[in-house]
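To keep things simple, chains are lettered A, B, C and D as they appear, and every chain counts its residues starting from 1.
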Amino acid sequence: MGRRGAGKGGQCWRHMSPRIALRAALLVLTLLLLLPTAVPMRAHAAAGDPFAPLAATNFDVVARGVRSLAVSGNPRAVAVIDALRDGKLFAWKWPRPDAPLFIRTDNGFVDARSGAKVEAPAPVNLRRIIVNDSVRGAIDTAEGALGLFSKSVAARRRAADTLYQSADPGALSLIERALQSEKDAGIARVLREAQAAALLKSGLKSGTGAVEARLAAVHELAARADLPTRSLLASLQGQPPAVAAAIQSAIRDIDRRLQLWGLLENVYYGISLGAVLLLAAAGLAITFGVMGVINMAHGEIMMIGAYTTFVVQHLIAASAPALTQYGLLFAVPAAFLVAGALGVVIERCLIRFLYGRPLETLLATWGLSLILQQAVRSIFGPTNQDVTSPAWMSGYLNLGGLTLTINRLWIILFAALVLGALMATLRWGGLGRSIRAVMQNRRMAAAMGIRTPWIDALTFGLGSGVAGIAGVALSQIDNVSPNLGQNYIIDSFLVVVLGGVGNLWGTVFGALTLGVVDKFVEPFAGAVLGKVLVLVFLILFIQRRPSGLFPVKGRAAEA
Amino acid sequence: MQLDRTAVATLGCVLGGAALLASLNLLTPAASAVHVPDFVISVVGKYLCYAILALAVDLVWGFAGILTLGHAAFFALGGYAMGMYLMREIGARGVYANPILPDFMVFIGWNKLPWYWYGFDHFWFALVMVLAVPGVLAFVFGWFAFRSRVSGVYLSIITQALTYALMLAFFRNDMGFGGNNGMTDFKDILGAPLDRESTSAGLMLITAIVLAAAFLVARAMTRSRFGKVLMAVRDAESRTRFLGYRPESYKLVVWTVSAVLAGIGGALYVPQVGIINPSEFAPGNSIEAVIWVAVGGRGTLSGAILGAVLVNLGKTWLTSALPEVWLFAIGGMFIFVTLFLPRGIIGLFAARRPAAGTEPKSAAAEAAAREAAG
Amino acid sequence: MNEDTLLYLDGVTVSFDGFKALNELSLMLEPGEMRAVIGPNGAGKTTMMDVITGKTRPDSGSVVFGADIDLTRLDEPAIARLGIGRKFQRPTVFEPLSVRENLLLALAGDRSPRFTLWARESAAERSRIEEMLATIRLTAERDRRAADLSHGQKQWLEIGMLLAQDPRLLLVDEPVAGMTDAETAQTAELLREINRTRSVVVVEHDMAFVRALGVKVTVLHEGSVLAEGSIEAIQNHPRVVEVYLGR
Amino acid sequence: MSSEGFTIDRRHFGLLGVGLAAAATGVGAIASNVPQAKAAPAAPETGPIKVGILHSLSGTMAISEAPLKDVMLMLIAEQNKKGGVMGRQLVPVVTDPASNWPLFAEKAKQLLSVDKVAVVFGCWTSVSRKSVLPVFEQLNGILLYPVQYEGQECSRNVFYTGAAPNQQAIPAVDYLMNQVAVKRWVLEGTDYVYPRTTNKILEAYLKAKGVASSDILINYTPFGYSDWQAEVAKIKAFGSAGKKTAVVSTINGDANVPFYKELGNQGIKATDIPVVAFSVGEQELAGIDTKPLVGHLAAWNYFQSVDTPANKEVVAAFKAFAKDDKRVFNDPMEAHYIGFNMWVKAVEKAGGTDHDAVIDAMVGVAHPNLTGDYATMMPNHHLTKPVLIGEVQGNGMFNVVWQTPGLVVAQPWSPYLPESKNLIGDWLPPMSCGNYDVVAGKCLGAKHKA
């Protein structure tokens, strides 16, 4: 750090009047001379002073300092730790026996230890105490500990949890005090677990080390079979043999249980991947499956949907900040309309000239996809766009040993909804009826007064709209960049083909099959080889079943 | 085999043009106005390789109606076979001066050559592999696909899956093909240093000759009775069955030949661009190859060549002239061609009715054929 | 079974998801016979053709050709090579090829790529084609693209291709659909001519045409044989009158 | 042939004539803007100086590379405002290699042999660099490569202004080891050369520091990998062995956003399992809501947040130039900034743009980093750099928590890999060699003859 300090000092010259500068320079000199002798004195000063470690330059030391300070019961602890968190805590830059600490307030500096006001030291002598993540962790624990006696249940709950996580022997007395006053049973349980953890962590010679107590503690912990507990137990060293044995068996149980859950977790991963694939492929199942249009720009339409989300979010953030959390809800219809309209335009200006030439459609839409990509690139720039996930879509929930990420849950639900809506439209909706009519027998439908070209446009619009909605979902789990679509186009086609063209249920099965197979191959084959294997399996499968899982049977298929 | 003027013209342009450029590059002093810089030579050489690929695609798409979205895979495989030879040719001149192992193997810490690299220190072996690897893969793939009557879009999609799978596989460093970086920094081919003008000019000429030969072979095939059956299969597959032909075996033959052709193109491509890596397998490349054919004129061999050259020429020019918007131009061109020139540029110039038995027929007729099949 | 049957369908049943296109259909054809098959739409005429030519596998029943060849085991090309030719309802000729080339491809001979890759047109083939052109009255059109022929000419070309195949049995699906009366008459003439050397099964709606052929008639209804006999017998058959002529 | 076939043929003839003639002339046209063309592209010594910019503006890499083009345009514009170099204006020559590696080689050839540029600033991925390397060596061009990379390379025609592994990876690991007391390591990377090599170096380094191999988990995922659920769960499980665990991420650009989103969603906080990334800078974070990521780490030689006047100035200038206040400035951009200024000094030192002269002049040139201290071009064509460890903040910027006491000199040949431990690069005479084996005492590659 020394060199960095010098660097900072160097910059300060510019801002200081020559006189101060000169004084500072002298100071630096003298202090540098003092340095060798200064170090031991400081160490000595540190002994007993709970604040001294905060001035250290090693984050690990600082972190430990914070913990001990928190449980020291020192009245200034709260203020100092808050200041540290907010980056308002400053140390004397140059080594000095009493390693002074200052807190910068809106009106001048106060001494950290006493809270007494002091005249502002020259900036050249100050070093803001940087907080890295381990120190931040310590602060969390500390604040946890401090929140232990707050009125609010939630705060106490959080405090108990952090105490459990940190398992800090120093906090034992604190926990005991809390336990006496704690009414809430749930919190009390966590506190007991925290106590057990702290106890096991505490060194043997400290009186609390009785084997029975420790065995009980192990037992207490073994009950909550989650990863943190496992890692806690695994971290315990130098226990009496009996205890060590108990710990080992406890860990073994936990592992066994977690393994079982692991299987379920894989299924969940598979399903959620399947849901994403399904969303990506649903639109294609219409444009490609029903209309037989090989739309290579499908991915780009999803990309447009994602960008629509981005735009909507910004509009809302600008106009109605209150609704920011629910931007997505507005983005869904917006994306559907934008993408749908785009789809109609594409159909009218491009696709309709190419019916009966499916392979030419492929080429034209490929060209279109290039154009759409470049267009977005020129409008929004090549870099990722920042689509924020609302609070209600982030985080996870524990279901037994399962960790279900909430955004994935939403996506699964969303996929189900979209598909349901789609099927309903096709089955019962007036549009759906005419779509099916046109696709089954164009001439007849036309004869019955259905305006087939218009229906074509709407069908393609519907498919594109669904793709747009998929884009909204993708914006939550993937980059919103001009390349977004390309990552999904091939998979989408595979899903539709696997399921059997012209069959929505087929698409569903195709998507879920791909997802689950992929997630089960991945663990032992690795992500890369896993994907390859899935593709090979797919190629072989299509050899066996040339028209997918659910082929359209009968003479109709031949025509 | 008697040659009509199309063939003469095509051969003339390919061979004559190449010879002209090469001589202008080698024989004229750098200062002279007619001098052709090496850059042009290497670029033209690249175009000619692409033309070979286009020819291969046109064989299966234009004449057998198999829309392949995976032909770049065969191109790349041929390229890798050649790349492996060039890699071995480097010998001890790599940065680690390892006489046997290519650099990339040294630094992913392998200490012995994997078995599938044996033999590639011999040029003849590499050549055999250039033909064999794409050929065998195509044969196996086609044998399964065509026998189980996978056709149309389904076939297109799985050819795409094929090349995609290969791309992912070759990206893996554990495959022993250099992973993402692939193979590069080649020194020389058959002792001729690759950084000498004469070598690149020579390679370009050889490519032109191979292209001409490929053109003749393809032409002979499509004009033979085999070719006529092929077109029959393309337009009315089930009808040919009732005549006693087995479409699958016809498709298999032309598919395999075309794959080998693509492989050769790739093999010539690598020494001229100086790198082969998995992105050559990218599905986009295969689609582009199809587009060259569409632009030039599907079902006409000269068209395939023309398309490949023109599109890539455009790409070279646009990426420098208007780097910001060249994608608009290229994309627009593809749309324009498919919409307004269904028979490609050749179609523009050809007489209203195409020569007997060259071009695929109209959408209407296709539909008719399909119904008749029902 | 007796030696002089050419084709013997025995209890053939075909169903597409539930719907029985053929239901226990049995039918016997002698060598050199010409048979007209009639029946309302969906009676299973085309499906019957599909089964015979191997396009569709029957769920049950057997199809025996000649003495003892079970057609249900073979696929289209194999069956075609046995000498069963099929003419589609809508004429399908190879549009981009010339009339000659169409016939050339149809000529009996080796069908393997190995052969066709190197094959040269032999004098025998040339003369065969010429005589074929004469039979189907297209000599003048020999070098035109099949795409440019009139509807009737396409019909004939296709029949010519069938003859070129030199089949023992000919299946003809509605040959006169959309033909002028003149063309119809000529076609009837043509078929009778063909029938001199080989057996023929004609599926047709046009009763006038069937009468003109003057051959044994089989009436299909809901996938099985309703009646069989001379055209007169059929027309007076009460069930036929009921279901088919709908009077 | 039929008569109509004949007419077509005549047209074909004409057409093909036209077509391929067009091809020839077209290609000629590309070349025509140069009076003379033979291999050694001696750029003209008078008139404007052409500066080649070889960064993908389209395709998958555009996200990272396109901003670098803007930086170059800005630097060139500013230099011209100052009167150019030796009174000669600078002219940028922008091309788009479109994230296509063979196209990189082609464009490099075009820039050097056709446009006759004096220097090229370009490339991002290792493969693009590998693809153009032979071209630069054949035509004796100059490439300034601004991205941190895996090392194991030292070409006379390339100046590596990004970090070598020992200027990024190893200090980061040191920080985690000493300052955060990490005991267990996950090396998570995209499956290509940079992560592979870096992880090999780190593995060797960690083992040398006494880390048991059971405490190291190495894992690779494909490019653009977006479904991180299982991988992140794996990391979580690995981290539950009771020892402080950290993830060293060499995940490539596109896959990062989904990775961090998944981390956030599975509730892995930096305080539990910190992730230190080598390919994630301000640019990459621009694509995500960083609140869940606060405290995760990145190791670079530059951060936009570094509080120095020079830095503030450049960042402000760039935002003004791009007319977008949300644009960010990152490490490779600083590398280009330093590289460009060094090249300018070298040209002035060499008194011209002759490549050999400039290549020799570059070595020893020094220019201040935006973060303080001086970057010096060493004889191995790499820079001396400070290494900064930054923590992600809520606003998508990094907060520097630690930095190496002094400047770190690059080791392109890693001493931790058996095959390269004896190699050094030194392009000054008498050695003039990129891969000199100090044990065997000889140059493994081609020794440059001046």
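Everything below uses one rule, namely that a residue touches a chain if its C-beta (ideal position, glycine included) is under 8 Å from a C-beta of that chain, and two chains touch if they have at least 3 such contacts.
Because the structure is a prediction, the values reported are computed rather than measured.
Peer 1: Per the definition of touch at the top, where is the C-beta contact count highest among chain pairs?
Peer 2: Here the largest contact count links B-D.
Peer 1: Measuring between mean CA coordinates, which chain is farthest from subunit C?
Peer 2: D
Peer 1: How many angstrom lie between the centres of subunit A and subunit C, each centre taken as the mean Cα position?
Peer 2: 68
Peer 1: Counting only Cα atoms for the centres, state how far subunit B is from subunit D in Å.
Peer 2: 32
Peer 1: In whole angstrom, how far does the Cα centroid of subunit A sit from the Cα centroid of subunit B?
Peer 2: Computed from C-alpha means, the inter-chain centre distance equals 44 Å.
Peer 1: Name the residues of subunit A that each touch 2 or more other chains.
Peer 2: In subunit A, residues 373-374, 528, 531, 555 touch at least two other chains, as defined above.
Peer 1: Which positions in subunit D touch two or more other chains at once?
Peer 2: Answer for subunit D, listing residues that touch two or more other chains: 2, 57-58, 191, 222.
Peer 1: If you look at subunit B, which of its residues touch at least two other chains?
Peer 2: 168, 171-172, 324, 327, 353-354, 356, 371, 373
Peer 1: Where on subunit B does subunit A make contact in their complex?
Peer 2: 61, 67, 69, 141, 144-145, 148-154, 156-158, 160-162, 164-165, 168-169, 171-172, 283, 287, 290-291, 294, 324-325, 327-328, 330-335, 337-339, 342, 363-364, 366-367, 370-371, 373-374
Peer 1: Could you pull out which subunit D residues touch subunit A in their complex?
Peer 2: It is residues 57-60, 62-63, 66-67, 178-181, 191, 219-222, 224-227, 229-231, 233, 236-237, 239-243, 254, 257-258, 261-262, 264-267, 270-271, 274, 283-284, 286-289, 292, 295-297, 308-309, 372-373, 391, 396, 399-403, 405-406 of subunit D that touch subunit A.
Peer 1: Quick check on the complex: what are the subunit D residues that touch subunit B?
Peer 2: Contact set of subunit D toward subunit B: 1-2, 4-17, 19-24, 26-31, 34-39, 57-58, 94-98, 100-103, 105-107, 109-110, 113-114, 125-127, 130-131, 133-135, 137-138, 152-153, 191-193, 196-197, 200, 222-223, 417-420, 423, 434-435, 437, 444-446.
Peer 1: For a test of understanding, state which residues of subunit A touch subunit D in their complex under the given definition.
Peer 2: 1-4, 7, 10-11, 14, 58-60, 130-134, 136-137, 140, 227-228, 230-236, 258, 265-266, 269, 272-273, 276, 373-374, 377, 381-386, 388-389, 394-396, 403, 405-408, 476-483, 486-487, 519, 522-523, 526-528, 531
Peer 1: Spell out the residues on subunit B that touch subunit D in their complex, using ranges where they run on.
Peer 2: Contact set of subunit B toward subunit D: 4-6, 8-10, 12-14, 17, 20-21, 30-31, 35-40, 42-44, 46-47, 93, 95-98, 104, 106-109, 168, 171-173, 179-182, 184-186, 194-195, 197, 273-275, 277, 279-280, 302, 306, 309-310, 313, 316-317, 319-320, 323-324, 326-327, 345-346, 349-351, 353-356.
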